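Here the structure comes first, spelled out in structure tokens, and everything after it is commentary.
Every chain is named by a letter (A, B and C) in the order it is written, and numbering of its residues begins at 1.
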Amino acid sequence: MDILSVSKGSGFAYEDAEVGSDEDVDILIDEDETRGDDVQLDGSVKTSVVTPGELVTDDPIWMRGHGTYFLGTNTYSSVAGTISRVNRLLSVKPIRGRYEPETGDHIVGRIAEVGQKRWKVDIGAKTHAILMLGSVNLPGGVLRRKSESDELQMRNFLKEGDLLNCEVQSLFQDGSASLHTRSLKYGKLRNGYFISVPSSLIVRAKNHSHSLPGGASVIIGVNGYIWLRKTTEDISQANNTSLSKNATAISAKGQYNVGSGSVSITRLEEESSWEIYSDVNDEISSTLRSTITRYANSIKALAFCEIGISVERIISAYEASMAYEDSGKLVDRETMETIGQQVINGEKYRGQ
Amino acid sequence: MILSVAERSYLYESLKQSPPIRPDGRSVKQFRPIQTNVGFLESSNGSAKITLSDGSECIVSIKSKVIEKASIESGRDTLVDVDIEVAGQRDDSSFILNLISTLKSIYSNYISQESLSLTNRFTYKLFIDILVISNYSYPLTLISFTSYLALKNTYLPKLTSSVDDKEIEEQPTFHDYEFVKLQIQVPIIFTVAIIDNNYIIDPNSQEMEVSDNGIIIGWYDGNIISPIENVKLNDGNSKSIKPELIIKSIELVKSLGQSVIESLNAAE
Amino acid sequence: MSTLDRRRILGPANVKPLIFGLSSSQSKQENKIEEEEEEDINSQISKTFIKTGLITNANGSSYLEYNGNIISVSIYGPRPVRGTFTEKTSLDVHLDDNTETISDLLNKKFCNYIENNFTTVINLNKYPKSGISIFINVLSINNFQKYKYKLLSLISDATTIALINSGIEIIDIVSSTFDLNSNTVISFIKSNEIVGLLSDSNKIYKDVNDFNKIIKKLGNDSNIVKNSLINYLMSGN
């Protein structure tokens, strides 16, 4: 049994990783070229990965987007990241950096402040997001009028530190987000454990709430906040049906409507009792607690190896971690690297 | 660190189980893995850096100075001086002053005078400068491990003049480039968090936040030493401790000490 | 609890400046403390003098005298604090040493010990968005080098009495005791549960049981201290 595992640091000189990074760049360039953009970049754009201060192009034809600045006719990168082009808009997407909210993102947030008719929510973005009192389901049904007494007891619904599961409703001019929880699949979180990973690692998917083998379920917030919890009956139902319902909601009208495709209003009314703001956890067995811990460590291992996080990979990392009987082994760097490698190899074999 | 009520009770209930289920799956006596660097500061006599998996980082530098033994006997000077800087904490905050007073008393008690002695009149004085760049949990164990590595890898200039300078008034002179490795035994300090009837070593920030109380325990050469103190690991959640748990924690530390020292020695 | 309006800058009408009668030369004079007496908790208690409520401007206060150590503790609060909402009371402890014997490091250590003790004991949830301040005045010290943690245990006892005097809700009476041999102070509640522990000597514990014995011995002493504190409170002084 290891008590203290010690590994030697790599020293302070930067490791010479040129060989590896060159390969990456080549691949990215290939992708860009095969994409068949009708606009060709000026010859000075050599790489798709740029660092701050690097010249991106000297052609003034481009519109400068986020992550760039210009001096004269030259456009430079102001962040380390990949170049992205949409028509004539040239921007650099940072590899690291804070989460940038987009409308429709399913995210997990933590209440930072209770204010007048609104909550400020920490979502890992540059600014706190705002959740209006009018954008949450209150006990007593969806069509209930918000009264003054609701304003006075806001802290009874959500207070500082509470975690919630919500969707970005819209963006303000300054890029901060306005959230809503007007659906039964959103709301206050309980029965589980919170971990946070860099938001750039989250793979965007249709659905971000999943049931996992072993009686646990996960909400993979697009902002990198992840909630692991016990699967209760309503969660498993929602997870099973939401996919198909979402599909119909989108196909029927040709666009996605906020909150649609989840639950009918009548059921919402029945279930919006005070219980949705409960702070009390259900009974959770110690086996399930161990399972949740193992999932958490598997996700941390994926994040450590800088592997994009999706539910398939979480499950495959979890299965790989089963080789270690004691999930405490998973805090070691080497173990995390092995698991990351196994996940990647597994995908290669399956031809993904 | 701020937690929601549900999160807090989930963590507390998990840690209450027997055996406790820690949020990162570690066992009761398992430390967080560390990464070490030794001897990278050219201008100090000894240096070490430890990085924890959660991003906590501590650098210790050891410098020395030749002083007269008489000044220590008269109480004007001390053999060891400790200075701590923690990012985000004021120098005069009680947090820092408490860390300094704990470390000063443990090092001045257990770093032997003979090991630093130069001649009959002169001795080395050690300056232990500690910089905690980022920390998410109670930093004392991290600091004591880093100081251990730094002190164990300290090289002092080799004395070329005679050791006996009682009769002749003579300043000690040193070799131009040869150094002698400092041979000392260094005490280390452990942090144990108490949760209900369980005790866990090296709590991380989440475990600290929900813990009932914390104890720091000194270890030196196979035995338990002072400080034996309780520490506040969070704001306002502390509860009283049963004496049996203190004794059990002390026993745990006593049994772990040697293997921790061996792991640290392997990192030199 | 004093219901004085503390928003007024002026003190109460009958206010008198506090004059503590000991000159510095007198206070530094070290009375001999018999080591045998340190073992006999009952004789110590018989030599201890306590008085509460002397400082009318505070919400609660106590004055304790034992063998050349004189301590006065005053409690202010719970009073509202500015800024963001907090669910619990914040507690702050200040120690003022009139004899100038306690070093800054030890001063902070003492404050920290008292703060740790009483955050555990005060029912903090009862007083949201407020703060409690504990001011400790050390007026005289006897043989500080050897008995510094004895002084700390006396400060802790005086603080308990002052808190009770202030009417702030606490879960139990904290009684602190000191062991000279191991230079240890431990504070107990509920007869054998520990809220504060501080041991700082160059003693090496080869056998863990040695420390267990110290805890047991101090636990027994603390029950005696607690009983006498209760007796004092019941006597209505």
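Heads up, the rule we're going with is that a residue touches a chain if its C-beta (ideal position, glycine included) is under 8 Å from a C-beta of that chain, and two chains touch if they have at least 3 such contacts.
Chain by chain, the UniProt names read as follows: A = Ribosomal RNA-processing protein 4; B = Ribosomal RNA-processing protein 42; C = Exoribonuclease phosphorolytic domain-containing protein.
Fair warning: this is a prediction, and the values are worked out from it, not measured in the lab.
Chemist: Considering A-B alongside B-C, which chain pair is linked by more C-beta pairs in contact?
Modeler: More contacting C-beta pairs are found at A-B.
Chemist: So, comparing C-alpha centroids, which chain is the farthest one from subunit A?
Modeler: Comparing chain centres, C lies farthest from subunit A.
Chemist: By Cα centroids, which chain is closest to the centre of the whole protein?
Modeler: Answer for the innermost chain: B.
Chemist: Could you grab the centroid distance between subunit A and subunit C? Build each centroid from C-alpha atoms only and quote it in angstrom.
Modeler: 51
Chemist: Provide the C-alpha centroid distance between subunit B and subunit C, rounded to the nearest whole angstrom.
Modeler: Centre separation, subunit B to subunit C: 30 Å.
Chemist: Taking the mean of the C-alpha atoms as each chain's centre, how many Å separate subunit A from subunit B?
Modeler: 38
Chemist: Can you list the subunit A residues in contact with two or more other chains?
Modeler: Touching at least two other chains: 160.
Chemist: Which residue numbers or ranges of subunit C touch two or more of the other chains?
Modeler: Not one residue in subunit C touches at least two other chains.
Chemist: So in the complex, which bits of subunit B are touching subunit C?
Modeler: Checking each residue of subunit B against subunit C gives 94, 97-98, 100-101, 104-105, 109-110, 213, 215, 220, 223-232, 235-236, 238-243, 246-247, 250-251, 254.
Chemist: Under the touch definition given earlier, write down the residues of subunit B that touch subunit A in their complex.
Modeler: Against subunit A, subunit B makes touches at 2-7, 9-11, 13-14, 17, 21-27, 29-37, 40, 49, 51, 53, 256, 259-260, 263-264, 266-267.
Chemist: State the interface residues of subunit C toward subunit B in the complex, per the touch definition above.
Modeler: 88-89, 104-106, 108-109, 111-112, 115-116, 119-120, 124, 183-184, 189-190, 192-206, 208, 211-212, 215-216, 219
Chemist: Under the stated contact criterion, what part of subunit A meets subunit B in this complex?
Modeler: Its residues touching subunit B are 1-9, 11-12, 110, 160-163, 188-194, 279-281, 284, 286, 289-290, 293-294, 296-297, 300, 326-333.
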